[in-house]
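My questions all concern the structure below.
Note that the chains take the letters A, B and C in the order they are written out, and that residue 1 is the start of every chain.
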């Protein structure tokens, strides 16, 4: 027979992994403990979590339990779930720069400037919705053309492509 | 100024919500506490979790922390979850094992051990996010180095690379 | 041998060798090279339809085994072994490779068990959905300008040099590229079309070699109606790929 503390620890682990409601029936089945014991143990556990005033709480819901965060700390969680700032890789930035200034442009043309295969990076930029397909080029093979998107403008804080820093002044540098 | 116990509780909530690694830098930013204090508090917290022998553990990974279940209770969790959502072929497993134990490692080094071309398998592992590029090796050709990811730890239920089962010499053929 | 040989079930030549050693209950430190080589060759001969590229790896091992076999048969080896010198057994390297490989193969099996929840493992939280964390990209437009100017500058300097491809280009891989293209375009493609995306000579020659190999295997058919006319490529009737 399992010890009381062991059952609590196992239930804790189960509630954590599930990230949602775990039914009383599930706990009984997984732990193989009588219903009455489980109810008693869970009641105790809910109270312990409450009293400890820690970051996590266990709540009884609908013949089951969920683990959730203590509302007292919601301020920090709001800060955390704010959009996670993500940077583009240098290779992605480089590819994006080529597309932005030379659009519409084919993969072969991009690769010619970069000197390396760029298939995966282009796929990645497409997935991030920073570039989009813009028809095909009227040459043999009819390769796909790429252009930047609205999302690209948003990310780079531009109102239109005309806002891209002009290249002329840079040439003197 | 926040109390020590409050910081711990907040970090607990943050680790729970993230369901993955939370960087030391993020904790400092969210909590607005000096680095030195955070390191000290986290060290204490990791130890407390360990000693309490509860269902959950906090582990230090790569300048950050992650919350996971105590491996002592894995029997119950196996009953509840399907841990093997990621299907891997034996050849992919073999390649992954070589990378896991010898990281960072280049493709040529992997192929030398396996005796077969492994390009496609590596691309596949990259796509599954089980391995990642880890810079280049400072030798002629500057080949790409590969290492395992946090996702790798999650899929295999390891709390850190130190949990990898020790390599045994294959004497008993 | 009465069994059906399925080379595909071995992850590579080392795997096959380990199997043979195990099957024959051979001491890995004293491999009868002649016997193992013969069995290994027999396996290769008996194997049915098999991926060309993979077969290459097995053939490399075969030639290595044959070299070892001939070295072992050289006269005078026997006496030398009695001397307690730093004489190297020609098999040493093979033994080391087999041991290294076996070590990782066993580790892989252990990891697989971890994954399946045998033994103690930690679990992480299930994410309700993959997109639960909003991610916002940050970047500055000025960096785009700096990057493009850098690239142009680099390309200007590079123009007089040959382009060196970063990776080795693989003929087998190019064969697949061609077959994939032809599967999509069953009514055939122009010869020139195949090469329009090529950015360097090495890639060009690999692609061309791949095409020749496919034609040899009759997996691709090339037709030219008149001298110097256009060449069209069609999927061939060769063995399935």
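Definition applied: a contact is a pair of C-beta atoms (placed from the backbone, for glycine too) under 8 Å apart; a residue touches a chain by one contact, two chains touch by 3 or more.
Every value quoted in this text rests on a predicted model; they were computed, and no experiment measured them.
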item: Middle chain, criterion being Cα centroid separation; value: B
item: A-C compared against B-C, more contacting pairs; value: B-C
item: Remotest chain, subunit A as reference, centres from CA atoms; value: C
item: Inter-centroid spacing, subunit B versus subunit A (mean Cα positions, whole Å); value: 18
item: Separation of subunit A from subunit C, taking each centre as the mean of its C-alpha atoms, in whole Å; value: 34
item: Inter-chain centre distance, subunit B versus subunit C - centres from mean C-alpha coordinates, in Å; value: 29
item: Touching two or more other chains - residues of subunit B; value: 16, 18-19, 67, 69-70, 72, 77, 81
item: Junction residues of subunit C - those touching two or more other chains; value: 123-127, 133
item: Interface residues, subunit B side, partner subunit A - complex; value: 5-6, 8-19, 22, 26, 29-31, 53-56, 67, 69-70, 72-73, 76-77, 79-81
item: Residues on subunit C engaged by subunit B in the complex (per definition of touch); value: 11-14, 18, 21-22, 26, 28, 53-54, 56-57, 61, 97-112, 114-117, 119-127, 132-133, 170, 173
item: In the complex, subunit A residues that touch subunit C; value: 13, 16-20, 81-88, 93-94, 96-98, 100-101, 107-108, 111-117, 128, 130, 139-141, 143, 155-158, 163-165, 167, 170-171, 173
item: Touching residues on subunit C, where the partner in the complex is subunit A; value: 123-128, 133-149, 151-152, 155, 158, 163, 166-167, 190, 192-193, 196-197, 199
